[in-house]
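Take this structure first; my questions come after.
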Amino acid sequence: MVVILKPKTKQEDVNKMVSYIKDMGLDVMVNKGVDCTVLGLLGDTSKIDPDTLMLNVHVDRVMRIAEPFKKASRKFHPDPSVIKVDNVEIGKEGEFTVIAGPCSVESEAQIIDVAQSVKKSGAKMLRGGAFKPRTSPYSFQGLELEGLKLLKEAKEKTGLPIVTEIMSPKMVEIFDKDVDLIQVGARNMQNFDLLKELGNTKKPVLLKRGLSSTIEEWLMSAEYILASGNPNVVLCERGIRTFETYTRNTLDLSAIPAIKRLSHLPVIVDPSHSAGMSWMVEPLSLAAMTVGADGLIVEVHNCPEKAWCDGAQSLDKKQFENMMNKMKAIGVHVGKKI
Amino acid sequence: MVVILKPKTKQEDVNKMVSYIKDMGLDVMVNKGVDCTVLGLLGDTSKIDPDTLMLNVHVDRVMRIAEPFKKASRKFHPDPSVIKVDNVEIGKEGEFTVIAGPCSVESEAQIIDVAQSVKKSGAKMLRGGAFKPRTSPYSFQGLELEGLKLLKEAKEKTGLPIVTEIMSPKMVEIFDKDVDLIQVGARNMQNFDLLKELGNTKKPVLLKRGLSSTIEEWLMSAEYILASGNPNVVLCERGIRTFETYTRNTLDLSAIPAIKRLSHLPVIVDPSHSAGMSWMVEPLSLAAMTVGADGLIVEVHNCPEKAWCDGAQSLDKKQFENMMNKMKAIGVHVGKKI
Amino acid sequence: MVVILKPKTKQEDVNKMVSYIKDMGLDVMVNKGVDCTVLGLLGDTSKIDPDTLMLNVHVDRVMRIAEPFKKASRKFHPDPSVIKVDNVEIGKEGEFTVIAGPCSVESEAQIIDVAQSVKKSGAKMLRGGAFKPRTSPYSFQGLELEGLKLLKEAKEKTGLPIVTEIMSPKMVEIFDKDVDLIQVGARNMQNFDLLKELGNTKKPVLLKRGLSSTIEEWLMSAEYILASGNPNVVLCERGIRTFETYTRNTLDLSAIPAIKRLSHLPVIVDPSHSAGMSWMVEPLSLAAMTVGADGLIVEVHNCPEKAWCDGAQSLDKKQFENMMNKMKAIGVHVGKKI
Amino acid sequence: MVVILKPKTKQEDVNKMVSYIKDMGLDVMVNKGVDCTVLGLLGDTSKIDPDTLMLNVHVDRVMRIAEPFKKASRKFHPDPSVIKVDNVEIGKEGEFTVIAGPCSVESEAQIIDVAQSVKKSGAKMLRGGAFKPRTSPYSFQGLELEGLKLLKEAKEKTGLPIVTEIMSPKMVEIFDKDVDLIQVGARNMQNFDLLKELGNTKKPVLLKRGLSSTIEEWLMSAEYILASGNPNVVLCERGIRTFETYTRNTLDLSAIPAIKRLSHLPVIVDPSHSAGMSWMVEPLSLAAMTVGADGLIVEVHNCPEKAWCDGAQSLDKKQFENMMNKMKAIGVHVGKKI
């Protein structure tokens, strides 16, 4: 950590700062510059809060050099983590895990139909919304517990582990019992109370990136779960909020190699929610694979006779199958088996 | 609501759409354009989910014309709402309510000292963090319940209603009992489960704007509380996330006149967290008053003998007093009494 | 185009608006809603300026339904455009064009060395900065005309067409004579005077996306060149400005399928400037190919004996060769030949 | 400047770096941390390009501590600069300068009518667009030279110095002769060629902030003009691009106190373009004054008999007069005379 003092800070005040920092068990190097003095803090600064240092009248700025995350950092855990979800492993060298399913669980027929179909195409897990975070209180909020029940039935029928979103710490107990991979949505990425409670379980957590969260903040949220004792975290890039309005969000694929370098945790991509348009799902999915992601979570809708298939952002079963076939071919050349 | 159909949509499909929409109890006008057909939906579209319409293969885009919020809208509630917090009213014509206090509750001496001081300067409520949302699990998380206890003591000593942040639905009962104005932080603005539970109380809620929430999403979160039956919502602009890094966040003061036009709810400004620098608090506070806000929530730190006063973003007691005096003078000319 | 009138607009004012719009040669449909009246403008609205309509006191909002661009639009030009740059074609079905070279032209030895090397690896054009847009007036501004001269020598030696950035309308004549593909940088994407002058030539233009330009604004800048009579425009996505600071910019790969759907112009990707880190160039390049781009423009640095190779964002010659080999293999499966 | 080396950098490579930096005439302090070594560069680092240091394979990151701008910096020029525009001074202690006029110059009658009216209300300069930067090539591009002629006539009639936007280096000579304050628009803030040419004149320049420019980049663009020898720069905040779409841009009023602290240059605010809605102009203008700006540039439209007054973002003459009266009253309490 580097502490930049304000110009013209008196020597006695510099000394005060230095001894204050040494009292925290750190070593300090004093760099006397032309405009100002810069203190180099040497030692484990991970537990030091820059805001506390900013409290000193003589401090101009504090710059962190070491990363604020430890357990999520690749520095101290060079080998990639492989997260076991029921009978499936995510993050395994040379494998690419695809999670697929409908946006919302609607009925037993629907969820089982989609589950069997995506399994046939190569999906390894089933996704489906039971509790839905909706911007409007007047929008459909999901089938809730009934939805969970239907997901479990689909699992019995297909053997696919189930992935669904949790929205409240009050549900942790039930999800821990019934869900294989508990999804924390973008809006709850910094719901620290929820993260802590999930950290007290051993259940794998799919942590989506917040709409306006930096990569560092995202890893700090993972750190909350890891620090509470649960090592089973899978990250998911799902698009960030930018000024561009043509796409609902801007999928930040650069975040994948960044995560791979900064952390040992697996990271997958959600190409459905970011774009918000079904015709963009395939190109973004191929790009996610070649950019280095460990997998995908994709929306696939069943297509009954009525005109209401082809969800705004969902692929139908045939489109999904075609996409999977393309990915299997490309995977060979980037060392990713589906 | 306007539904734009894809170019070359067949007449029979247009007719299908029209009757589908009419089945929802709406009237439809068909605008045959050169490139495409546009459907004008007439009637109460507030309960219609655009995503559902997007599910139709022939729909290109859906544009909302009426606002998605009803109870928060000024259209159906032309008079400004005045929210009663204990003995204080926020949003009253001609008044400007200042809430002040330390970032975190640290000790009985500290909180009472600050409370008495800000009261003398004209503050009407006391703020103080007991449960702290921190990006890092290793940072100080607040005194929690002990902090609540100290806030209550400060209230007994000064009569100032207390404002503090809630972080979990599990705490709603305790907060409902002990806190006068329950703050929902930026990170929890779309913690819908928490919003619903607060909607089931009658306790005033201070709803901070999310870091990357649009004004519409912010009002939709207020709508969650209102729709659940709690009419006592006060909005708080605290800065949004942009590319600019000099300030921690970008205070969006344009949002104040916007809220005043769109909604009847009172809106206050937090000049401390947005800037993150104490020397910016005064100018931003004066701007907040003249741009039309109903009040402020400001961080004020006590200043013991040690050098550790002048918090990065907090005013000391003297700076706060000076600022309040300036605001009283300016208030006269914008019709705002402190 | 849809014009939403303010609530309670009098019938006579509605009539005024309608006849005003009809005077512009358009047909109007009047949709009387519950809250407000909506006018549907039928006909060619491309030349109508929404701001002019907003000038009317009774207009609340104007929503465009047709795209504002015509010549750049795929609607009126369904087949993809193939742009001929000297002896190379960009945008040709089944081909992937790679442009490579150093950030700045430094010397004859350097530019020729890099040119020969990237040609061997499969690059079809040579890039190199002669006039450099620098944030600081104190940074190296490029070799300017001397740099152009060296690029021409490299072309003579290798036959590779040259791509370099123009920074002023005053240079159009020289660039038209000496450069094969004239690059307009992100900072000049809305330098309309420059765009018009380039529109008066027939020389191919590589139009980079502005740092905070929407896809629509980007295509409108292309429209400036096309409308002035030059049909030879190649678009280049190079990252947009967001709140994320880990990467210098956020590469918006979703923009590629978006452009493919909206326009007939070829679009390539710059993976070097967006990330700003050489180790991210390969994954982003593979992603660019699989997401559907027509090519790449990549920075490749020569590596003399001194330690100063491995530019912050440049690949060295060996890294570039390896990347090209991977891309050739993957290309087979996405129908892109290098 | 602080240079962070990659973990495990060998001592010999550290020594290489140190001597390399010393060769640039700087002193170096070596901070050996636990994870990595940090070099503190002591001396005048303003002319050092961080990118050049990043070129070294052993460098992880480079952090600038001193500001990159010198001539624009308050550090080396503690007293605020007062810029003389014809007979008007901007940036003078205790004064607030208002520039007003129509968006576009339309006719002699219009511009003279508006000029006389805004002068009566207290405006000190006349603005009016002659050359218009328009997103669409099909939108009205301004009266161009004819517009300049009309502005000069308005100046003769009223004595108000004129402010209008330049769009090309080719126009510098004419603008230098005819215009009193040459405006560089947001889209051209990093049109470095234009900045350099304006730096070769002595004519005052109104430099608008780019839509996605940081405060530092903005000051670096001012540095281009100052470094070329023209000290007469006035900055103008006009809103930045964010995810919020209710307002056209987000007016960043925090930038005003920031500029006041970082630089000695005067800074004014444009409340018309940022909001894009006339009813927001007054509150934002009052806020601009109280937050510490040196003035305003406001759009005022004349209001003929036809319905086409009340421009989307322009005040009419009466609204402007009322606003000016309020500002005169408030100015007294913030020490700003209009």
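Going by the order they are written in, the chains are A, B, C and D; count residues from 1 in each one.
Simple rule for what comes next: a residue touches a chain if its C-beta (ideal position, glycine included) is under 8 Å from a C-beta of that chain, and two chains touch if they have at least 3 such contacts.
The shown structure was predicted, so the numbers you read here are calculated from the model rather than taken from an experiment.
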Measuring between mean CA coordinates, which chain is farthest from subunit C?
B
Superposition rotation for subunit A onto subunit D, Cα-based, multiple of 5°
180
Regarding the subunit C and subunit D pair, does the interface count as same (over half of residue numbers shared) or different (under half shared)?
same
Counting C-beta pairs in contact, which comes out ahead: A-C or B-C?
A-C
Chain centres from averaged Cα atoms put subunit B and subunit C apart, in whole Å, by 39
Between subunit C and subunit D, centroid-to-centroid distance (C-alpha), Å
27
Using mean C-alpha positions as chain centres, tell me how far subunit A is from subunit C in Å, no decimals.
31
Residues of subunit B that contact two or more other chains, please.
212, 241-243, 245
Considering only the defined contacts, which subunit A positions touch subunit D in the complex?
2, 4, 7, 29, 31-36, 38, 40, 42-44, 61, 63, 65-66, 75, 212, 241-243, 245
Which of the residues in subunit A come into contact with subunit C in the complex?
212, 214-216, 240, 242-247, 250-258, 261, 274-275, 279-280, 283-284, 286-292, 326, 329-330, 333-334
Residue numbers of subunit B touching subunit A in their complex, please.
13, 16, 46-47, 49, 51, 54-58, 68, 133-140, 167-170, 187-188, 190-194, 196, 211-212, 217, 220, 223-224, 227-228, 241, 307-312
